[in-house]
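Have a look at the structure below before the remarks.
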Amino acid sequence: AVGDTLRIRMEGDLQTLDPAFMIGGTEDVMMRCLYVSLNRLGDLRDGAPWMPWGAKTLEQRDDKSIAFTLIDGLKWSNGLGPVTAGDVKFSYERIADPAVASPWAYQFEQLDHVEVVDQQSGIIHLKSPYAPIYVVSLPYYGGHIISKAGTEKAGGKFTTEPPATCGPYIFSDWQQKQKLTLTPNPDWPGPKPDFQKVEIYIVSDDQAAQLAYEADSFDYTKVAIAAAKDVKANPPADTTVIEAQSTRYQWLTINMLSPRLQDPRVRQAVQYAVDVSQILTGVYNDLTARSTGVVQPGTKYARKSNTIAAPDYEKAMALLSEAGASDLTLTLTVMNDSVRMAVAQIIQASLEQAGIKVEIQPYDEAAYWGLGDKTQGDTYKNLDLVLMDFAGGVDPSENLVWSRPEQIGAYNWSGFDSPEFEEKYQQLVAETDEEKRVALANRMEDLMEESGGFVFICHEPLVVVHRTGMQPLIYPDGHPNPVFFKKSA
Amino acid sequence: MSFVAEAVQTRRGWGHFPLLRALASNPVTLAALVIVIVFLMMAAFAPWLAPYPPTKIDVLHKLQPPSAEHWFGTDHLGRDLLSRIIHGARTALTIAIGSVAVAGSVGLLLGLIAGYGPRWLDGVLVLVFDSLNSLPMIMFALAIITVLGTGTGTLIFVIAATSFPSYARLIRAQTLALKNSDYILAERLMDAHPLRILLVHLLPNVVGPLIILLSMDIPVVIMVEAGLSFLGLGVRPPTPSWGSILYDGYTSIRSAPFVVIFGGLPLVLATLGFTFLGEGLRDSLDPRLKLRRPA
Amino acid sequence: MLTYAVKRIGLGVLILTFVMVAMYAAVFLIPGDPATVALGPRATPELKRMLIERMGLDQPVWRQIIEFFRNALTGNLGYDVWSNRPVSALIMEALPKTLALGIAALATALIIGVPIGCLSVIRRGTVVDTAIGMLSVGVIAVPSFVVAIYSLLIFAVTFRWLPAIGAGEAGDIGSQVRALILPVMAIALGWIGYIARMVRASMMEVMGEPHIRTARSFGLPEWKIVGKYALRIAIIPTISLVAVGLGGILSSAVFVEAVFARPGIGKLITDAVNTRNYPVVMGTVLVMTAIYVTITIAADLLIARLDPRVRDVFRG
Amino acid sequence: MSASLAVRDLSVRYQTPRGEVHALRHVDLDAEPGQVIGIVGESGCGKSTFVSALANLLPPNAMVEGAIGYGGTDLVGLDPCRRRMLQGNEIALVSQDPMTAFNPVLTVGDQLVDFQHHRSDLGRAEKRRRIAAMLERVGISDPERRMNSYPHELSGGMRQRVAIAAALLTDPGLLIADEPTTALDVTMEAQIVHLLAELRREYNGIIVLVSHHLGVIAELCDRVYVMYGGEVLEAGDVEEIFDRPRHPYTRALLACDPARFDERLERLPTIPGAPPNLIDPPPGCSFAARCSRVFAPCHTTHPAAKVLPTGHVARCHAVVL
Amino acid sequence: MSALLATEDLDVSLLRPNFVSRLLNPWPRKLFNILEGVTLFVLPGETLGLVGESGSGKTTLARTMLGLTRHSAGRITFEGREVRTPADFRALRRQSAMMFQDPTGSLSPRLRVGTLLAEPFTIRRMAVGDRSALVRSMLAQVGLPESVAQLYPHELSGGQARRVGVARALALRPRLLLADEPTAGLDVSVQGEVLNLIADLRREHGFAAIIITHNLSMIRHVSDRLAIMYLGRLVETGPTAEVFKRPLHPYTATLIRSEPVPDPRRKRTELAIRGEIPSIFSRPAGCEFHARCPFAQPRCRAEAPAYQAVAPGRNVRCHYPMEIEQQERDAAIPAPINRRGSSNEVEHRQA
């Protein structure tokens, strides 16, 4: 049975409530409750369409300007007065300001400035046309609006105690690494959320979380992929299972900079030798299909198919001997959690069939991310194969951006250096015509696969269980927005 | 003299394996000895004993419950669990015996130096021992493993480096106790070289309790390896180890509990085996032996 | 006694210094920085630089260490890289929960393990002894996560007797105690075996001593001989063992804290290590080492209380 | 309480991995209340085994045969519960090493209170009063303070006094002292011997005193049992044994004691050879291998115990009635 | 004849036995004298008996003489030359040998007797032709069968271990033997064997011996001179026979009288000495024996007596040496505390 309290499980604790420095996960969920953004997204199962939220109106004036008007009665807590267009200007420009060093600055890279028209309305001016702004920048992460006066009073910086909030809920209690409690904001002018109280429980272990869900400790939780099959087959009582594809996409990087992989035929041999279907069955329980690229499947931008769609060990071996590399040993670098290790072992076994020996080299998360960083030395040139995954977005640009040449030595670990790709990327972000954008995105993924630097695996499945008596709303990033959870009759 | 005759006779009567016979006289110790020997055989002859290659993946038959083909079932990648456990014995015992041997030798050496050497050196060494003891293990393990990379050698190094202080303390305490014993004084009186005293007279007398302690610590090390596997710091996959089997089993503990159960079984058996063997050794070597770890 | 304590504390301070130097060396060795851990591809170089500066890692190591100790003396253990909350506050929130867990677990283990060990000695050589021996050594080898998961399944999911996760509501002792039961069980089980074994071993040693024969010669009942005459001596090595164990439990409660989603020191330090949140790591290690040192000193003093022979040596 | 002691044909064997040790063989002993029985013999001849058997404190690997009659009951066949009732009540033991005889972590007073557990009629305070009185009695000054001391705070002599006090507290009918002075200095030994001598004046139970110090035996005992190789070779009143020893072993033993000679000896007298192996005791007389008066039957026939008119009992072929 | 080894005013001081503070604190705070003003000599070929109660410092003295314990004041001379540096002591140790109190404990437990016996030669790197022949001859010398060479120390009986100790000590033909309690824990017969053995070997090789003991009845037969120690000081020295006949110090007299006599008709009725040896850490003021001395005078409580020569070869540390006021003293001996009930005694005698 669903009560007046919505109990949600998240994995990590809160670090900061400053949108400019937030990390994700719990923080984003919290901010969706505490702040407003100009627009918001719908459920990912509906394709996550965007709709106005903190703005009464939000319209594209021309390629480079968007006008907005805030809803009436939005008020800051702490007696800081009404929420104004000035606050919007402050929030966006702050994140875009390189001096602030916000990790989300890239989302507002194209922001020129925000023009304040009057108290409630303003115009967002872009440097160049940037179509993804409605789904990438405005509804989440950096799009949350903070109080100019409050922030300035706090010295321009704050972390877990925001100087003022204006969203449907207020942050009322925090038990470190255990529980966060949100209660309704009496000043909230918009539609009242269904739930009187939101509790966010912090449980990092998926196994434990599932047990705790069954023990009725909360009403909504993500489930480990390994357990998904079981949960689907025997769901706990009074439970609905949601299955979706998340925006986390996984692929195998084949590093062209590696001395062992300079020859395109060798890279292609690797591409031919990875049996992705085994990974999907073995690790993901066939909950998800093979991805054709990095772009979110199910959107119009997804490629129709992979160029190399099925493993061909003979071909791989032929390519290898052609390249004179029949005795190839490669290391496969991987982050040391159970899912990724399982994928790595299947890749290892699969490459073995083509005569490629693979040594798995696991790293802990922090060490792993430093491997491709050119400021940390030359390791990025020596990686062979890396199993990678990024959390992406629904707009293709968000996922393709990391393969740009300028990302070599940062996050383009394939060493994929294609001028054509860069050109197409620039066109993609500026283009507003959907047809053309689809063609651009598809071409970019073709380029990626042709380079021999990538084997696309999948977009990880998202499995969520929740009490039947409610309707959750999940953003494409896989995290819920508690404000729009509905009690079903 | 009849006493001498008696003594000589008994020596002969006991034959060449008095220790083995003494061990075998206690049924529990005998069982422990058998377990340990079985595990050692398993480790030695793993490739011949295992019904399947331990790394053979078969995703279509993953997490199969025990059956005629797979006596212990299969793991999350469809590998034969029994084969992995048999091969895992090799990894587990290599790491356990390796690190215990390394830690034991280092502890022995430093303990002797601390106990017999000059007092300032003793102070420095004790400080090192205590500090290493109070250093958080995971932090240390993480530092070493990220620098050296995972692998059996690294694991042995990490475990040895964190466990040798307790052996060193034991040896030091023993050495201090023996340092002023009459026979060491007698040797000093004959102007025996300190090195000779250390190696010929002190070493053989402190090493006994150490060996017993080491044998009882072997299962502890196996558990530590399992714990490090749990943190993703264990042996490099797909090498099977008891720790990694358990770790893999954890993710499917609900749907396929047999993985954890069969994966944990050798750990429990090995613990029983080595612990009781160690206790048996202690009882038959010297019933009054003080096996207390210095705090 | 006092001079002894002062000297031990001096030694403790030396150990602390030593450990902190080692920690800084480790930080120097371990690759990775908090920004890349938290943000992955979104971490900008500027942000990384900013965080490194905030952690003071851009300074020479010796300067960092001196700075750290100078601040630590004033109670300032640094600030969390992200939330900028004082590390001391984080520790103060996590520490009581872990202490409660550790102390409760070891107390439980003592309360159960010691009598079992005694029983084993009273019934030595019998089936009871062998059974206790097998069981107590056996449970040592059962990984605590297995106990944790299955106890969750039984007591929280099936019977719903006890809460599955968390450390209970702040200020509600009842709920805190209820939340403690399962984690305590998971940790204590292995320790029960360990303590029972330890008590039995040292008790068997004591039982061979002449004063036990004296007690026998006066016809004292076996339970009294074991439970009073032998235990008083046999418990002494167990105490230092438990002290070291308690020091260890505080940071090795990681698995159990993960499974029961108990916010504690173990979780704090592993999270901090995993995210390279070095100020938190340093502060926590300092506090944990200090606690470890304190506990061992306390154990020594306790032993001195229990063993008059040692006490006289301390009196000096 | 007082009753007489009659040991008949008592044998004790220890089970060891090397074989059975025949530590005590066919020992007879009689004692009346008020008597002090001395047991002498070389190391390893079974003295401790014998008194441990009397006090029911043999280690688990011991097997007992024969009978120990005490006040009409046979202690050997008694069930453990009844036997324990006798321990520390009827029979008390003062052991050899005062350094280790007391529990080091309990105060002397605590232990002495516990040792009176048979006296359920007394309260703790009364028991402590009795202890104080008894400590005073054995010559410990300031008994109240001493009761609160730990054993290691007392000197060896004092601890032995406490041990004697502990034994006396239970009003035993049989007081056994196994080498009570061996671990002590001459001066302490003299003081303990003196204390025992003083005590026996008012004590009316049996005292069994083990010692290999002939002087102590001579000073304290009424009757002496000379043991060798697990057997009693000669028994008799103290003057008889010291003045007119009949068994060659007794004679040799007495002759060895340098304290018997005031003038300096160039060579100290000795008994050549070593005691027999008790795993495989000789079939004949156990002293035969070392005896100066050995003749044919000694090696083959086990000599019977002969009762001499003087009250002597001797196990020797050479002794004629 | 000039002394082989002599000590003059030897002091040995030690930190209070607080091992923890010794462990942690290299600077000693308080000193206690374990030995104080010991002046003693041993002549070549002579046997000196060193007697005293437990804790009186006998073992410490022996160790100090060989440099195992450092002295804090005074001199040690060997053949007239002062022994001071470690090298001097090494040279001294080459010429002397020591037998320890615990016979088994002074043999390295993991080595066989054969190896142990050859050790003095191995350590000094002396060429020995046939090691087993050497071992055999050493065993023969102390009357042990060859098979003993194969045994470990714990397999030896007390007497055998003593013999091995003797063989080892005398292996290098020392000029001085220090024997610490050579008969402790042995049966009378074995005790005689060991002492006879030492005496025989001494006659053969002519070394001097210092025998430490508290067994008076034994020492009177084996020593030429006696030195009596009390609380770290010498209280009396003199030829053995004379000391036994006419003890000068009351302590010596009480020691002799405390020895039980193996004769049932000579039962002691009075107690020769009361009380216990005081702790070295709290030495009584004045004469240290005054608390236990039956003849203590006010002066004894106040003033420490000097160690003075009263007759040729006889020294005593007492204000009132015994023979001077013999009469008074005999009168002052305390009345017997109690006598055995006579009727009882008679009954038994008659039975």
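Every chain is named by a letter (A, B, C, D and E) in the order it is written, and numbering of its residues begins at 1.
The working rule: a residue touches a chain if its C-beta (ideal position, glycine included) is under 8 Å from a C-beta of that chain, and two chains touch if they have at least 3 such contacts.
A quick map from chain label to UniProt name: B, C = ABC transporter permease; D, E = ABC transporter ATP-binding protein.
Remember, predicted model here, so these are calculated numbers, not experimental data.
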Quick check on the contact network: minimum steps from chain B (ABC transporter permease) to chain E? 1
Going by average Cα coordinates, which chain is farthest removed from chain D? A
Of all the other chains, whose mean CA position lies farthest from chain E? A
Could you grab the centroid distance between chain A and chain D? Build each centroid from C-alpha atoms only and quote it in angstrom. 90
Cα centroid separation between chain B (ABC transporter permease) and chain C (ABC transporter permease), in whole Å? 23
Centre-of-Cα separation between chain B (ABC transporter permease) and chain A, whole angstrom: 46
So which bits of chain B (ABC transporter permease) are touching at least two other chains? 1, 3, 5, 142, 146, 250, 253-254
Give the residues of chain D touching no fewer than two other chains, as numbers and ranges. 274
Please list all residues of chain E that touch 2 or more other chains. 24, 157
Tell me, which parts of chain E touch chain D in their complex? 53-54, 157-158, 186-193, 195-196, 199, 214-218, 220-222, 240-241, 254-255, 258-268, 271-274, 276-277, 337-338, 340-341, 344, 348-349, 351
Contacts from chain D onto chain C (ABC transporter permease) in the complex sit at residues 55, 57, 84-89, 92-93, 95, 97, 100-106, 111, 114-115, 117-118, 150, 152-153, 163, 166, 170
Could you pull out which chain E residues touch chain B (ABC transporter permease) in their complex? 24, 26, 63, 66, 68, 90, 93-94, 97-98, 100-102, 105-111, 119-120, 123-124, 144-145, 147-148, 150-151, 155-157, 160, 168
Under the touch definition given earlier, write down the residues of chain C (ABC transporter permease) that touch chain B (ABC transporter permease) in their complex. 11, 14-15, 18-19, 22-23, 26, 29-32, 130, 133-134, 137-138, 140-143, 145-146, 149, 153, 197, 201-202, 205, 208, 237, 240-241, 243-244, 247, 251-252, 254-255, 269-270, 273, 281, 285, 288-289, 292-293, 296, 299-300
In the complex formed with chain D, which residues of chain C (ABC transporter permease) make contact? 209-211, 213-221, 224, 228-229, 232-233, 306-309, 312
